[in-house]
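What follows is chain A paired twice: with chain B in the first complex and chain C in the second.
Here is the complex of A and B:
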C-alpha cells in the first residue's frame, strides 16, 4: 500500500515538474517556405544562442499554405517567408486583418532567389541518359516515378508546371505538357493556349490516378524523403535544396528554370490559375517570373520587436554566412517593396553594400 | 443492488473525465448541419475514401486473423522459454510512435527495402498504394487482435480440450471444433477493435501512402489545405460511422460477458 502511494507521489511530482518548466522566453513564430527549412533551422539555432531570451517556433509549409495560415486561419504569426514574393502583394496587401482597416502587410523584402531544377539519384531510372534536352521525355516514361508538389499549396507546384509549358516553345514541341500530364490526374490539369499567353488551369480536386507514375505531396520538400528512399526517380526541387541534400542535380536551361532576371518577359508568358475559390476574398493568379523569395512581418504580429531583431540578424554577417553555406545567398543590395512602409528599424538594411 | 460508499471526490473526477471525452465529440457532431452531412456523404472523393479506408482495414484484419490467431493460440496454450519476450514483441507496435512505425515500414517495404524491393519485381508496391495502407494499418493494430484472441482462448477451459483429445480428436480438430467456437466472440471483438484501430491510423499510413487518401489523411489535407469548414463535415461523418461501429462492438463485448 505504502509502495503504491509512494509511486503515485513520484509520478505526480514527475508530471508536475515537466508541466511547470520555467517558461519566461518570448516566442517568435516564423512561418516559412519548406525550401528554407535547412538554412532557417541553422539561423534559429544561431539566433537563439545569441538571444537566449527568445524561443523561435518555426513551421514550414508550401508557400501558399504559409500565407493561408496568416490570412485565412488567422494564426498569430510574427514573420513570414515565402518562396514567391508575388504572393505577398496579392494575398497580404489586399486583405485586411479582421476588425481593422489594416492590411496584413504593406511591405516586403525580396529576400533571395533560386532556380528550378530536377533532383535525382544514382538509382534513378535512365539516370545515365538524362540531359538538358531530353528530361521531359524521360520524365514522361510510364515506368519512371516522378515526384511533384501540389500546385494548390506550393510554389514549386505551380512553377514546375510553368516549366513544362515553357518547354513547349523552347523545344518547339507542342506535346510536352500533355505527354507528361495526360491521364495522370482524375481531373485534368489543362493548358489553355491563348496565342502569346499560356494559361494552366488547376482543378479543385487534384488526385493522381491509380496507374499514374506521379507521386504528389503538399510541398516540394516533402519529396526529399521519397527521393532518399528511392520511391521516386526524379523530383522538381530548387537548386539550393538539391545542393543542401547532395542529390544529383540536372540544371534546367535558363529559359525554363525561372532563375534568370533577363528572361522575365519570357517567363511572364505563362500563368497558373485555380479553377476554384482558394482564398476567401482573393482569386490568385500565379504569373511566371524570376523566382524571388519574400520576407515580411504581418501587421498583426504579436512580437514585432523580436521579428525585426531576427531580420537584422538574418542580414548580419553571421546570418548571411548561414544562408551562403546553404547555397541560398541573400539578395544584396536589399530590394524592398513598399519602401515607404518599411519599419525604421530595417532602414539600415537598405544601405548594405 | 446497493452502491458502496466512494472516496470523496471520485464522482467529480470521473465526471470531468467523461466530459472531457464526450464534449469534443458532441461539439464536432453538432457543428455540422444535416445538409452539410448529406453533401459530404455524396461527395465522390469522401465516399471513395471511406470505401478505401474500410476495405484496407478489412484486408488488414483478415490477414491479422490468418496470422494472428495461431500466434494467440500458441501464447494462450503453451509454455516455452522466451514466451514473455514474444508477448512483449506483440505489444511493441503499441508503444512505437506511429510516424516512427511508418518510417520503419518504409525502410522495409519501400522500393529499396528488403521486402519491398523483391516484391516490386512482381508489381507489388507499398508506397502510395493499397498494400502500403494495409501494411501501415496492420502494424499498428495487430496487438489488439492478438491480445484479445489470446485472452479469449485462455478463457476456454483446457479440460474441454483434454476431453476431446482423449476422444481421439486431432489438434486441428480441437482448435476448430472446441476452442474457436467457445472463444469466437472474444476473437470477433478483438477483430473489430483491430479494424477500428486500423481505419483510424494516420501516422504510419501517411508516410507509406499519402494517396490514395484514406479518410484520416483526407481530413488532414482538407484541414491543412482548405480549412476547418472543409474538414469538419468529413470528420463528423467519420465520427458517426465509427460511433455506430463502436456501439456494435460494445454490444458484442457485453454478450461475451453474459455468456
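Here is the complex of A and C:
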C-alpha cells in the first residue's frame, strides 16, 4: 500500500508541475487577400497588444486561394477575408464541411471596397503626359514598360483587363484592347464581342513574347518591387495599395475603376473567362462588378470566439482607424449577406452609424 | 503476471458487484488514494500558476480490425499507384517504386508566395517531368503539360518551363527579382531532405523547380502539392476563319468557343462511326454577319433568309460547298464543328468542319477557312435596285396624326435625281399606323410611310450600301441600305411637330428626330 501511495504522490507532483508550464496562447488563424497585408498586419499588432492571450497567425494569398485553403484543402482556419465577396456565396455557401450537413459559411460581411488605378513613379516614361484621357495610349507605347499581374492567378490581373475592355466604349475607340495587348503574348488574350457583352478569353499558357513591353508577374504585390526598382513604368494596382506604398497614382474614371456601386450594371457587360479549369470547384468565369471585400468565419473554425472577438475589434473605433489610416476604410453602415445567420455576437455591428 | 492497471480498471468496473475477486476493500482504498492525490495535483496546478486554458484533447478513434488474417491467409499486396500520366486519352499509371526507377534529379527548391512569404530552398529529389514524358514519347514545342493535384487544382506549363526551366527567380532574402542562377529543372519530387515527403504538407508528390543555388526561389503558384496526374496535350493552336456577309468578321478560336459554350449555342451530333461532333449550328454563325446585329435574339435575320441567299463554305484547298438559306434557316442539325470526341479537329478537318445528319459526305467540308454569304438579289442586280412599293395604287390608312404643313425631306446622294417629299406628298402615299418597339423597350404608336416605299420614289444603283439620315440640327446616323429595304416596320414618320424615323430592330441612334435629309451612299 505504501508503494501505491508513493507512486501516486509522484504522479501528483508531476501532474502539478506539468500544469505550471507557461500558458500557451490561443492561435487565431486568419487567411486574407494580399491587398490587405498592410492594414491587417497593423490590426494584428494592435489586437495582440489588447488580447495578449491570443496569437494571430495570418497568411495572405490571392482571394481564390484563400477560400481553396478552407474548402478544398480543409485547413483549420478561423477567419477569411477576400478581395471578392462574391467568392463566398459561390464557394463557401455551396460546399458542406465534410461529414456534416453544414455549409462552410452562410453569412459574410461586405467589409470594404477598393478601386483600380495606375501606379507609377517620377521616372516613369511620359509621366508628365499621363492623364485620365490618354493613359491607355501611353501604356500601349512599345517603349513603355508595363507591369501586369497574371489574370490566371490574381484578381487585379483579370480586373485590369476588364478596364481595358470597358475603356473601348467609354473612349469610343474599338482598338484600345488590342492596341495594348496584341502581339504581347505567345498565345493571345482575346476580346470576344458578343454584342451586348464582351468576353475576355485567357489562354491556359500565358507567356509574354520576347519583344513584349509587358512584364507579367504572378500577383499585383510582386509588381510593387518592380515599380520601386524602376523596372516598370506603370502597373495596375488597387488604390489603397498604391497609397500605402507612396507611388504616384492615376485615378481611372469610375466607369473603369470597378469601384462605383452605381455602375454595377455597366461593369457587368464584361466577363473574363479562363480557357481552362484551374480549380475543381471554381467555374473559371469572372463577371465585372464593383470590387467588394468579403469577411466571414468558416463554420468549422476552431476558435470561433476569438474570431468574433477579432471582427468586433476590426469594427471598433481603433480598428476602423487602422483601416482608414491604410487608405482602406471599412464600409459603414455594415452590409451583411445572410443576415439571419450572422452570429448574435456581431448583431451590434449592424447598428453602427 | 498480472497487469496492475487491468486490476484497477476491473475493480472500478466491478464496484457494484459486492464480492468480485474478494478484493473490494483494497480496491476502494486505492481508488480513494488516487482521487486524493489527483485532487492534490489539481490544487497544486491551480494555486501554482495562472489560470490555464485547458483544451480538450482531440478524440482519437482507432479502428481495430475484428480479426487479423494470418500470414498464410493474407492477400498478395496490390501495388498502389501514385501518378497517372495521360496522353491522347490513354493513361499510364506509376507506383512510387516505378517512379523512383526513372531518371532522377536532385537540387534546391524554394518558393515565394503571391504575397511575398518566402519558404527557403530545401533539397528535393524526384523525376524530371521531361524524363517522365519520355515514357509516352516525349514533349515537343507543340505540346503543353497540365499538372493536376488530388483536389482537382491544375496548372498548365509551357515547353519552355518544362524543358528549359524558364521561371522568374527571386532573391531568397529580399524577395526581389534576380537573374536566374544556373539552370532550373521542373521535377515531380518524392523526397525532401532525404526523406519521403510529408503527406500532410506536400502529399506523396509535389512539383518543384530545383536548381543549384540556395539563394533563389520561384513563384509559389508553380509548385503544386498533392500531384497525382500529368497530362501531355497538344498546345492550343489558334486559328481565324473569315465570315463574310453584310459585315465581315474574322472569327477566332476564342470567339467560336465562346459561342459553343454549354450555356450558349453548343450542339452535338454523333455520326455513324460513333464519333461525337461538337460545334455551333451554321445559322447562328450566319446571324453574326447577315447584318450589324451580331448577337442576341435578333441576330439571325429570318426575313433575309426567306428572301433567299446562298452560303459558300470554303476549305483551305479551295474546295467549296454551297448551301442555300432555306436549307440552313433555323436548322440546329447543320453544325460547324470544332471538336470531335472532345478533342480539337486535326489534319484536313482543322479547324472547322461542317457536319450533320442531313448532309452528304461531300457536303461535310473540313478545313474551313472562309464562310461567305451571297445575297443573291443584290448580287444579281445589274444596273440598279428599284425597291418595290408595298402597295399600288396608293391607298394607305387614315393617319392617326398629321405632321406640320411645312415639313419636308430631301432624298439625295446615289440616286437618279434628288427628290423632295413634302408633308402633302407623304400623306398621299401608303400611310401606316403601327405599334412598334423602341430599343429601350417602350411600345409606341407611330404613323408614317414604310422606308422602302420612300426609297422606291428614287432609283438606287446596286453599289449603294448605306443611308445617311440627317436631322435639321446636323445630327447624322448611318444605317445599312439592305437592312432598311428588308425592314417591314421601319417608317419615315411624323408627329405633330416634325418628321422622324421609326426604326424597330435598329439602334436608337437611327431613330432620328426632325429628319431633313436621306442620303444614299
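Going forward, the second predicted complex is superposed on the first by the 328 of 353 C-alpha atoms of A that agree within 3 Å, B and C clash if a C-alpha of one lies under 4 Å from a C-alpha of the other, contacts with A are read in each partner's own complex, and residues count from 1 in each chain.
Here, a residue touches a chain if its C-beta (ideal position, glycine included) is under 8 Å from a C-beta of that chain, and two chains touch if they have at least 3 such contacts.
Bear in mind that the values here come from a model prediction, so they are computed numbers and not experimental data.
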Fill in: Touched partner set for A:60, first chain B, second chain C, both or neither
second
Between chain B and chain C, more residues of chain A are touched by C
### Query
Taking the superposition as given, does A:73 touch the first partner, chain B, the second, chain C, both, or neither?
both
Output check: A:217 vs chain B and chain C. Expected answer is one of first, second, both, neither. What do you get? both
_Is A:208 touching anything from chain B or chain C once the two structures are fitted on A? First, second, both or neither._
first
Please indicate which partner A:230 is in contact with in the superposed arrangement: first for chain B, second for chain C, both, or neither. first
Q: Go through the superposed model and pick first if A:188 touches only chain B, second if only chain C, both, or neither.
A: second
**Message:** If we overlay the two complexes on their shared chain A, which of chain B and chain C does A:123 touch? Say first, second, both or neither.
**Reply:** first
Have a look at where A:172 lands relative to chain B and chain C in the superposition and call it first, second, both or neither.
neither
Requested in this report: For A:197, decide between first (touching chain B), second (touching chain C), both and neither.
Outcome: second
Note: overlapping chain A surface for chain B and chain C spans 61, 65, 68, 72-73, 152-153, 205, 207, 217-218, 226, 229, 231
The answer for chain A against chain C in the complex is residues 1, 4-5, 8-9, 11-20, 23-24, 26, 34, 37, 53, 59-62, 65, 68, 72-73, 152-154, 186-188, 190, 192-197, 199, 201, 203-205, 207, 217-219, 221-222, 225-226, 229, 231, 273, 275-281
Per the touch rule above, chain A residues touching chain B in the complex are 61, 65, 68, 72-73, 123, 150, 152-153, 205, 207-208, 210, 215-218, 226, 229-231
Seen from chain C, its contact residues with chain A in the complex are 29-30, 33-34, 36-38, 40-45, 48-50, 52-53, 113-117, 144, 146, 151-158, 160, 168, 175-177, 219, 221, 235-236, 238, 252-255, 257-258, 293-296, 299
Interface with chain A, chain B side, in the complex: residues 45, 106-107, 110-112, 127-128, 210-213, 221, 224-225, 227
